[in-house]
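Quick one: the structure is below, and I'll ask about it shortly.
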Amino acid sequence: ADSIKVAVVSFLTGPAAGPFGVPGRNGAELVIDAINEGAMPAPYGSAGFGGLKLEAIFADESGGNAKQVAEYRNLVEKQGVDAVLGYISSGSCLSIAPVAEELKTLTVMSVCGTPRLFEDSDWKYTFRTQAHAVGDSVAAALYIRDQLDDVKSYNGINQNYAWGQDSWKFFDIAMQKLIPGTTASDNPQFPQIFSGQYGTEISTLLLEDSDLIHSSFWDGDIEAFVLQASVRGFFQKKRFISVAGASAVDNLGKRFPEGTVIGTRGEFGILVRDREGELNEWFINAYRERYGVYPLESSYQYAQSVLALKAAMDKASADNGAAPDTDQIISAMTGLDFTSLAGDVSFALGKGHQAIHAVGYGITAWDDEKDKPTVTNVKIYPAHCILPPAGQLSEDWLAAGMPGSDC
Amino acid sequence: MIRSALSDATIRWTIAGFLVLALVGTLFPNWILNNTMFGLAYGLAVLGLLLLWRTGLVSFGHALYFGMGAYAVALLERYTGATDIVMRLGAAMTVAGGTGFVLGFVLRHYRGIFFAMLSMAFSMVLYGVLVKTEALGSTDGFSVSQTTILGWQPQSKYPLFLAIVGLCVIATTGVQLYLHSALGHLTTSVRDNEIRVEYLGYSVATAIHVKYVISAALAGVAGGVMAMALGQVDPDSMVNWTVSGELVFITIMAGPGSVVAPFIGAITFEFLRTFAFELAPHAWQLIVGGTLLGIIFFMPEGLWSLTRLISRKREKVR
Amino acid sequence: MQTTFTILLDGLSYASYLFIVSVGLTIIFGVMKILNVAHGGFYAWGAYSAAYAIGLAADLGFPDWFGFVLIGLSSMGVGLVLGLLIERLILRRLYDHEEVIIILATFGLFLVLEDLILLVFGVNPYFAYQPMVFLGSVELGGILRDVYSLTLLGLAALVAFACWYALDRTKWGKILTTVIYDREISLAIGINVNAVFVWTFVAGATLGALGGAYISPTLSVAPGIGIDIIVLSFAVVVIGGMGSIPGALIGALMVGILRAVAVHKFPEFELFVIFVVMAAVLMVRPEGLFAPVKARRI
Amino acid sequence: MGPPMTAKAHWVPDMLKASRLNVDIGPATIIREGSLDIRTGQIVGLIGANGAGKTTFLRTIMGLIAPISGQVAFDHFELTKTPPHQRAKLGIGYMPEDRRLVPSQTSEENLLTPVWSVGIPDWQDRLAWIYELIPEVKALRQRPATSISGGQQKLVALARALMLGNKLLLLDEPSEGIAPILARRISGILTGMKAEGVSALIAESNTQHCENLLDRKFVIERGTISESI
Amino acid sequence: MTGTPVLRVRNLHKSFAGIVAASNINVDVADGEVVGIIGANGAGKTVFVNMITGYLKPTSGSIEFSGREITGIRPRDATRIGVCRSFQISQVFMTMTVLENLLIAVSLAGKERKSLLAPLRSRERIRECEQVMERYKLTEHRDNVTRTLSQGVRKLLDIAMAVVSNPKLLLLDEPTSGVSSDEKFRLMDLVMNALKEQGTAVLFVEHDMEIVQRYVDRILAFYQGEIVCDAPPDVALKDPKVIEYVLGESHGPANDSESALGAGHA
């Protein structure tokens, strides 16, 4: 065959489609098309994936884990795809991995962040190009330590599901270890996901005297929260750190409060919008040209997965001749180091299947000159500072005070 | 018992139908096998809902039992390592049936929308507990490893499929026998006129309770089957109210006509969704919703009325 | 004291929100005996059309207060167009079907409405914050409150009063009661049942759309916003007793205030509040707080 | 107080004339070529065994079932072309055999609903007139319709028909379940209304109370109607 | 009256939010006795039947059945010990056929609960039902869904369903209302003869004096919740109170009863 068929799965309907799913899908599509045509800048200038054309089909991630598992089986067994790429929700990733193993299908996960994926088990067929959630939490705490000197106490508002719960938990531990003396509120808020009405939660947070509020809200929830909280002077009273809400910065424009600490779980999206570099500039320009908007964090994350596939397939075909098979691609990808759009990535954890990369944070500001939002005080924390070394479980590493993190 | 079962034409046809399915199953590629198994799993739960529907009761909370069955399988494996099909299904049925028995004491006093909504409230409490509890996997749930059959680990999907088909035969036969018993007919009586049932000397509450426990147990088994076929459990796709809604959806789509209708309905639904997903990833709900409206308009008795159409045509040809 | 006041105010404003989104549902159920799942669709369409209109008006330079006019207009527009179309083309043909089947038809409609939104408006969120920002904030009980959420209380009171007045104090209310009980006898005593149904459905749809439209300034109007509303409003309506407007009001108040207590004091129970209230009320009153009167049977 | 006889009456001798009605319910034909006429001021009986089709006939006239074929002329309207809800406005009062009072309303509200729906101008007079005729109903006026006894409901249903029926009353088994003392009074009332130009069609299976009240009698047998002399 | 009465009612009282529907009711009914209950509309007849069969709980007073206290018993328990009833407004299973209605009634009448698990349509049961249908002139409606039946036919079915379990005490609430003139005597003959053979005591509520006079041993006349007359028919129907409250007084008390019965029919 002179092509491989790859399914790209992301949220195409439902609340996660706008902020994550569709930008992610677009990022993948853009890069795939460019690589097929050989239009990417170096080091991805060669046409095709190990010489093969990649034929992408796009599938929806909505409907819950079970539906995703069923859908995955259909993609592989019915539609006959050679590899699957994508997935945003941790639940999808956790449930897909064992099936990927069963069906012996290469699966490159793009966004989901639960450390459990490679810490609970070893997978042969599954890779993840996104560093796991401990990274963004530790980086958040580091950033607070380094950039905000007035934080004595903190609280959180996180969605009531696994990612929200984990995100708060890791952040809390990291804060306790990195900034001893700060106190966590005993009343952290966990509103239901997509509930949209946060009046009561905002009152609760306002009545408390925590200095800083942590949130892993994303999608419409972060936007609704920001709108409702702004009017109530919330951001004048509290520092706010948002670990995954960067899509709202673009969507809300001027209404997004300045001075918010914002992260993109890597060197992605708005954090690197003004960064120089051939790949990054090409990506931003090509994306804007094709879709009319700036690429968001998930566009980068999906593109990063595609690049990992390209790098591995190029390597495999160089080692084994044209048209590498799945096992050859896997062995090429395992432990691979590759260049992403803005930064380097290496499959260093999970026996060479879990990528690590740097994570950055910055502070939002409105750029009057260019009339667009921007981020200042950007600080990037290298992977070894924010993630456990290979072979160590995140919880142990966090509990032990993050040995080896020397930032 | 077996003789009287075989004297029932529906039962004979059902068994024959499932036998054919089992045979044809050897030819199915994996994806069809999978979707059919999901369909059969839903079918079992829908069979239980059909029982309730015949009493005029619609439960918007059967995901409670479906989810319990599924989680029973997953937790059994997690805490004891057991993966045997008999233990798995036994656990699923016991947990769900037992819960149904307890909640039945409350729910048997409710009718109509209040029955539906109180069921939903109960199921949402379980949903909330699962979502909140890390030890139960929170929203991520668990993976379920492959099922062993009496110590044997099959290398293909087919043996599991066969076992599930066998289970469906047992369930349909049992339900059909029950429906044809006097107790089963009380179903319709209770829906029509409770006062009269009481005045004939039978307790309406008991009649409903029995039925409720049966349907809970069926839903539990269904959840167990789903967990085994899918290899995954999680609250959103097994316990949330949308799942209960989906089960009701299939029930109505299938129609109350027969004990096989649930399976036909569920398998159709499963394939409909698969194709809609594939053809229109952005608008598959439109297809599903449109189909639903179409069925309501043109097949008021559900998909089952198709079989009647066919048999009527056959008569005309003769 | 401060906390109590805040809880009360939070509870009241959440209750107002619940009431506004569920009153249309209870009216439609009361008259037509239809448990309208598509209510979530009306809500979403109301939100989208208001958000779209307000965004457009802002771009065109209309003043911010004009948003309120648009909220009214777009909910009426949505109610009228969707309500008429759906009642005329679909529900009308199903009235003699079993109740569950009609519920299911409205569920199908909901799915269709949901995806139509996606096709018409796309996946990106819409914002209509102008009215909320326009009204600004005031300090109450030591913290700032946005005035917009406080106006919800007024709107809820207004809607409650209007519905109560229309149903309890006018001849229309009495006529409705007859239609509710028996379509046939209504015809026989000269009631135009079809017209009653159409306008009831349009009114219910408009109220559903109004719920979405009025809330839209505080939200990111994005796909899927109509789903959770369904369960929420069903619960409120069931607690109050199907078809009862005072019931919906008290149901909303109970849930709203208890939820506020939970969020402030026991946040881990927030998710359960609505279902626990529902279960508790139904245990004591199996048909909700204001159960409709039943005919004597023997 | 009953409505005055209209001037048209003498050139419209028939208050109601049903000709060759055929009514199907589902697959079954219930009324076959049913013809029947009522002159102004007549009380006409439609007598038949259980299941003969009396109720179906009355419901057809009220428009609650659509006939397959046939005409119904009333006053000078063609009823089959009048939408069901407008028939009441023409002065037809219908009492269904199973009462059908609105349970959540009081008896009096049940009587007033027709006033609200068709707008009877002199309704206070009419209500007072009815209360005078059947004081039992007056006694029940504040009681919720749900609590009163079967026979009492029947009386209220009759009163409701009287509110509307200033030209024609369609009464389905009016004496069923009514104590003799009242049944007799109802007969008296109907006779009295006759004098005021109100016609009535009374469907009965039990002829005990109505025999000597009727001016004419039609017999219905398995859907076929014939006049009995 | 010899031995314990089948039914003994003492000082029965019932009121609904201010409305007295039964007050100070005392009745004894002997084995096999047939008692007619008459009274104006709203006099409390149905309420009385409802209390005895357990649908309503009396406010005070006691009810004994065959020497056993049954005040406030549940309807199903009343049925199980042999107190059955029919209804003023027929209570049948509307979406089921006549045969199915009877099959259910017959299978529940069986004292053995085990039989509930056996198939409903057993041959013996069907035969039994066919006999019942034959007797009650329901055969032609055998497979009709009862929703489609006329009121009168439903009434027949309603009574048949009450009778199949061979009760010891049967209460019929207006058995002939809605039943056509030609049928009513036949129906009553049938019910009464069958019951007479079994020695069942019958209480029936009736507005049709032709029926009352023909079948009852005794009349209870109700007025505003009280029994105003408890006497054999020939006495009761001439009782001035009965005439004033129930029958009507058009011709004065003396020669009234005749015409009251027939209302011009004779």
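Chains: A, B, C, D and E, in written order; residue numbering restarts at 1 for each.
Throughout what follows, contacts are C-beta pairs under 8 Å (C-beta built on N, C-alpha and C of every residue); 3 or more make two chains touch, one makes a residue touch a chain.
If you're wondering where the values come from, they're calculated on a predicted model, not measured in any experiment.
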Checklist outcome for this item: A correct list of chains touching both subunit D and subunit E reads C
Checklist outcome for this item: For subunit B and subunit C, the contact-path distance works out to 1
Checklist entry - From the centre of subunit B, which chain's CA centre is farthest? => result D
Item to check | From subunit E, the most remote chain by mean C-alpha position | outcome: A
Checklist entry - In angstrom, rounded to a whole number, how far apart do the mean CA points of subunit C and subunit E lie? => result 50
Checklist entry - Roughly how many whole angstrom separate the Cα centroids of subunit A and subunit C? => result 37
Next on the checklist: Centroid from C-alpha atoms only, then distance subunit B to subunit D, rounded to Å. What do you get?
Outcome noted: 51
Checklist entry - If you average the Cα atoms of subunit B and of subunit E to get two centres, how far apart are those centres in Å? => result 45
Item to check | Where subunit A touches two or more other chains at once, by residue number | outcome: 12-13, 160
Checklist entry - subunit D: which residues touch two or more other chains? => result 147-148
Checklist outcome for this item: In subunit B, the residues touching two or more other chains are 131-132, 195, 282-285
Item to check | Touch-based graph of the chains, sorted into line, ring, star, complete or other | outcome: other
Checklist entry - Mind giving me all the chain pairs that touch? => result A-B, A-C, B-C, B-E, C-D, C-E, D-E
Checklist outcome for this item: Seen from subunit B, its contact residues with subunit E in the complex are 4, 177, 180-186, 188-189, 191-193, 195-203
Next on the checklist: Considering only the defined contacts, which subunit B positions touch subunit C in the complex?
Outcome noted: 53, 58, 106, 109-110, 112-114, 117-118, 120-122, 124-125, 128, 131-132, 195, 241-242, 245, 248-249, 252-253, 282-286, 288-293, 296-297, 300
Checklist outcome for this item: subunit A residues touching subunit C in their complex are 12-15, 17-19, 21-22, 160, 187-192, 194-197, 199-201, 203-204, 206-207, 219-221, 223-224, 227-228, 231-234, 248, 251-252, 255
Item to check | In the complex with subunit D, residue positions of subunit E that touch it | outcome: 16, 19, 38-43, 46, 88-89, 148-153, 155-156, 174, 176-184, 207-210, 245-250, 260, 262-265
Checklist entry - Once bound in the complex, which stretches of subunit D touch subunit C? => result 62-64, 83-89, 94, 96, 100-105, 109, 112-114, 116-118, 144, 146-148, 160, 164
